[in-house]
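Structure first, commentary second.
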Amino acid sequence: MPDTAESIELLTDREHARKVYRAMLEARLLETKLSSLYKAGKIVGGVYLGKGQEAVSASLGSCLIPGTDVFAPLIRDQGGRTAFGEEVIDCARTYLGSAEGPMRGRDGNIHRGRPERGMLAMISHLGAAVSVVAGWLLARRLQGRLEGMVGATCIGDGATSTGAFHEGLNAAAVERLPLVVVVANNQFAYSTPNDRQFACEDLLDRAKGYGVRGYSVDGTDFLACLRVMREAVAEARRGGGPQMVVARLLRLTGHGEHDDASYVPESLKCGALGQDCMAVAAGQLVEEGYAEEAELAEWQEEIGEKVQAALAAAQRDPKPDPWREQWEAFSMPQTGDQNA
Amino acid sequence: MPDTAESIELLTDREHARKVYRAMLEARLLETKLSSLYKAGKIVGGVYLGKGQEAVSASLGSCLIPGTDVFAPLIRDQGGRTAFGEEVIDCARTYLGSAEGPMRGRDGNIHRGRPERGMLAMISHLGAAVSVVAGWLLARRLQGRLEGMVGATCIGDGATSTGAFHEGLNAAAVERLPLVVVVANNQFAYSTPNDRQFACEDLLDRAKGYGVRGYSVDGTDFLACLRVMREAVAEARRGGGPQMVVARLLRLTGHGEHDDASYVPESLKCGALGQDCMAVAAGQLVEEGYAEEAELAEWQEEIGEKVQAALAAAQRDPKPDPWREQWEAFSMPQTGDQNA
Amino acid sequence: MSITYVDAILEAQDHLLREDPRVFLYGQDISRFGGAFKATKGLAEAYPGRVLDSPISEDAMIGMAIGAALAGMRPVVEMQFADFSSIAFNQIVNHAGTHFYRTGMPVPITVRLPSGGTPGSGPFHSQSMEAIYSHYPGLVVVTPATVSDAYHMLLQSVALDDPVVYCEHKFLYRWLKASSIDREAPPLGQARITRPGKHATIVAYSAMVHEAVRAADRLKVESGWEIEVVDLRTVKPLDMDTVLASVARTGRLLALGEAFPWGGVTAEVVARVASEGFHLLDAPPKRFNSRDTPVPYHPNLWAAHRPTPETICLAMRELLAF
Amino acid sequence: MSITYVDAILEAQDHLLREDPRVFLYGQDISRFGGAFKATKGLAEAYPGRVLDSPISEDAMIGMAIGAALAGMRPVVEMQFADFSSIAFNQIVNHAGTHFYRTGMPVPITVRLPSGGTPGSGPFHSQSMEAIYSHYPGLVVVTPATVSDAYHMLLQSVALDDPVVYCEHKFLYRWLKASSIDREAPPLGQARITRPGKHATIVAYSAMVHEAVRAADRLKVESGWEIEVVDLRTVKPLDMDTVLASVARTGRLLALGEAFPWGGVTAEVVARVASEGFHLLDAPPKRFNSRDTPVPYHPNLWAAHRPTPETICLAMRELLAF
């Protein structure tokens, strides 16, 4: 999806909604396949899905401008990655450990990125990306290229308890950088519920303490996500400093595909937060007259095929070969000897 | 000052005010002497004073119960240490590197404590004590001994930017522990002014984000400090969970005695925050009829002599002898060999 | 009936909670969920209020444990992965590690680090951090390699008044089984001869002990070499008596570790044998570690990143040929 | 006219800011205040907007630098004291250190660590952390010991595409002076023979180079021994060629460091000489470090905690007597 999102500002609501929904669909279909591959033993390590979080993530990603903005997705951001322009094949190759993916088998699953294109490759340590995005923006200011750009990152309810999140957001606020932090409060961090994670009534209460503007959104409500993300990103782009969006939702799967999430109470699953944003989105698209039912079915088929093809291709890729691997952590090995 | 502060609840306002003022005076006189000794080359390393912060610090310390409560003072808490019962000689010995002080020359200046008496010995890393005090309280809960006790710690405006502060306060809030955190916002962290440290309007805005109760106080106003600390500590003791007090004031000296604080603008020094809490306190004591001028002068003399005697004694103390030093970082060296 | 390495850790924690009211457990997802690796499964139910889920706050987790220890408790902290203890590095080395020397009051905390690589675990869920913690004064660092050691050394760690970094190897969790737990174990700080031999000594610890034994078995079958394998068990402090006695018997040393190559246990062992037991050596002492890159994700790369029985055999043949 | 070690650091940063628009400085109190040690004095005024005070957030300081480096800048971060980099440990080793291997995109940041002990600086303002950063893959760790090296190696560090941990010794700041800065310096990764000799080699780095030279001078005067002193300059990667060549000439090795004794540079040097240059050694290689306790506050204790010319002479006499 390399249409530059400069266009986003120009897109009609209809166009925007259709674009985001397609990204969500691609994410969902891709992740569903990844889950199957994992269960079939074709993926080593783990598979971590964003099921239920696509509306939040993709609507954020859709507001960012590839080639201009910088984005640090986290665990559950396939939607945002896709909307920001990640190719299916990059995801497939990384999960399947292809030697030809962006991580070349050196890192896996969600730990991937294309930093040269402004999509950072997360490390596992939660919260660590917040300051890195801020630093990228600071660099752009020093380069005189900050005007009109933003940086965005996503984080979970659990990761708001990290010192890195606090230090990063505070430092960004001090510099008044155009950083958008989206907190996906999916009620759990792995198995740990909100009430063992923080004691404030709403994570939004933290915004004021950082001196940043806060937004609250129902993460299952597709149109609301579109509206809020568009507003928050636009405000940052206009020079309004850091923005913090807190989305309420539920992870509709385990922490990883190894986890059955039996700790999530039925009442939550059956409640409002348990709604599937994909279904909500489809309904809203039709209701608003943004798309026809038939069209949605066509997209499903079209994108399903694309996903299938990418995964099939990635499975045929060469695996990394330890004999040809450059066992070198420095880019400038001429620095001196290597301690083998 | 080993009068148990259980009595604090029983003390009249007059008695409390007199007690705190005497602690402030002891701190001020002691620190003034330390500064002279430093300038005379008698103290190695550095000297870090709480000048201007005595009202905040001592009124907190005075509300804590020695033998019951736990207190983690920071850099500028001579007032609080004294009010909590630290002997002058402990401070003198630590600054002078006596082999007989609580740190036996192994650590110096403000890095001292009597953890066995509930007064923690700070490490330099700012923010690190918050979670430690919380852990002590958690232990008391597990031991069934939490009832009626509190833990307190002080921190500067700058140290609120540390991840440790954030993680510690959040964890304490999750456990709803009786922790009182006093933030002395003295406008600077070393040379760094508030506007390079945080972007919120008031650090008090952070309280809500942690789900803790917040209090604001003018740190130069002696009676206000007494009242607010008493309230915050009592609320924690009653089971109200963590409390956060933000005091506005100015450090009336350099970061350390090596620093002339020339970066502090005259306007601030001459403004309301630049008032000396000692002078304010003396005035208020007299005005309220809590003490007579003459009495204050007597205290000054009495305490001055005590301080002088302790410093003289500490200077005659033996210095640590490297030949008799136990170079041993383990309490149970029988664990195995030592890597000399 | 058999018991796995991770079962032994669970059993030990059960025992500790049952026998010692000072013990409590603190960590992410360890309460009702039983921990990412199920090392605390069922304990929250058996010991209500003593197995606590922490926020994702490694720095505060250790700070809390330190405070609780000072107040008389014996906390056991589970890091979800050793790699995340990097966030707690300051509290571990600067707060816990210095406290006894500074104040005379020890800090009896035990920090459990699920350590080491497994296929597909990648750069941030595979690290072996014993060298980092051993470098700083005041910390005892243990690396159990057997089911019985996993059990007993955890009890011993908690019994110790000093802070202990307990490195448990994730690869051994379910792969390593024993028919039962030994009644007793050597004290912390004492190494063990896992496999006696006479031609060369491999000094190893944690999962690498098993790779060393495999390599030794192969060298025996293929060429009749009798290789002695020393399991360090505790890497700080080091039991140099056992190591030197072994080298005295064999004259040859390979120090083997899964950690990154610069510094670390193998450097310390080789340096100490070279300086304290130089005359015992009939050949240059050898070191063998993982490679000097992050731990790669793909199993192909991972297997080539760390020592394996094959590559250990190669190194040993060089050593023996000298 | 003379220039001190800290002046050289200031000069280098001035040069960098003047010549390279990608360079900016970030750290606590480094802007108008000029830094705790005045290593950035006047730079904020000379280069407006490019010398930025950071909050007390070491983790974010390094994160910011990483992000800026990825966006094309060459940030230089000042830690107020090396000891506080413990808070940034995760960002340094796991974010900066792994990035090139993982993504192919290097992270050219330079982290300045005011390191080492001075009288009265105590447990938390005295540490030498080079071993911690060298252990992890992907980081270059340099330890300049001379005024010229302080200058040139800082320029070279910033020029390098990889992350560099630049350990500057606080004791040398004002004590070490030179009449001028040399026009050129050896590249990073190359050691230097500071003092030629033939009877034994002392391998040292940072401030200990000067203690080694003092000890060598004394041994010459008192007993005619000619001691060679090798200044490692860069401790990761290590220039083993120079070290081994020196040991080949002298047959005797003392590895000397100010850091804690377990692991670290001296272990790595001794281990590598023992395994790569065993036959060159005429005597057991020796190590000499600080003691295995926190760095004590009192000058009496501090002086006995770290190696001094007196104690180095004692160690050398043992080595030479062998």
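Per-chain residue numbering starts at 1, and chain names A, B, C and D are given in the order in which the chains are listed.
The definition used in the following text is that a residue touches a chain if its C-beta (ideal position, glycine included) is under 8 Å from a C-beta of that chain, and two chains touch if they have at least 3 such contacts.
Predicted, not measured: the structure shown is a model, and the values here were computed from it.
Contact with chain B and chain D alike is made by A, C. Summarising the inter-chain layout, the chain whose CA centre lies farthest from the centre of chain C is B. The chain pair A-C and the chain pair B-C differ in C-beta contact count, and the higher one is B-C. Centre-to-centre separation of chain A and chain C, using mean CA positions: 36 Å. Our note on geometry: chain A versus chain B, Cα centroid distance of 44 Å, whole angstroms. Note on chain placement: the centre of chain B and the centre of chain C lie 40 Å apart, centres being C-alpha means. The centroid of the Cα atoms in chain C and the matching centroid in chain D are 30 Å apart. The multi-chain contact residues of chain A, meaning those touching 2 or more other chains, are 103, 106-107, 111, 123, 125, 161-164, 167, 170-171, 174, 196-198, 328-329, 338-339.
Among the residues of chain D, those in touch with two or more other chains are 54-55, 57, 59, 83, 86-87, 90, 94, 97-98, 101-102, 123-124, 137-138, 236, 262, 268, 291-294.
Taken chain by chain, the contacts link every pair, so each chain touches all the others.
Looking at the complex, you find that chain A touches chain B at residues 161-167, 170-171, 173-174, 176, 195-201, 203, 205-212, 241. Those residues of chain D whose C-beta lies close enough to touch chain C in the complex are 83, 86-87, 89-90, 93-94, 97-98, 101-102, 123-124, 131-132, 134-138, 236, 255, 259-260, 262-268, 270-271, 273-276, 278-279, 281, 283-287, 291-294. Looking at the complex, you find that chain C touches chain A at residues 28-29, 31-33, 36, 53-57, 59, 81, 83-84, 86-87, 119-125, 261-262, 291-294, 296-301, 303-305. Across the complex, chain C is touched by residues 70, 102-104, 106-107, 111, 113, 115-116, 120-121, 123, 125, 128-140, 142-143, 163-164, 167-168, 170-171, 174, 328-332, 335-339 of chain B. The touching residues of chain A, counted against chain C in their complex, run 44-46, 97, 103, 105-109, 111, 123-126, 158-159, 161-164, 189-192, 196-198, 263, 319-323, 325, 327-329, 338-340.
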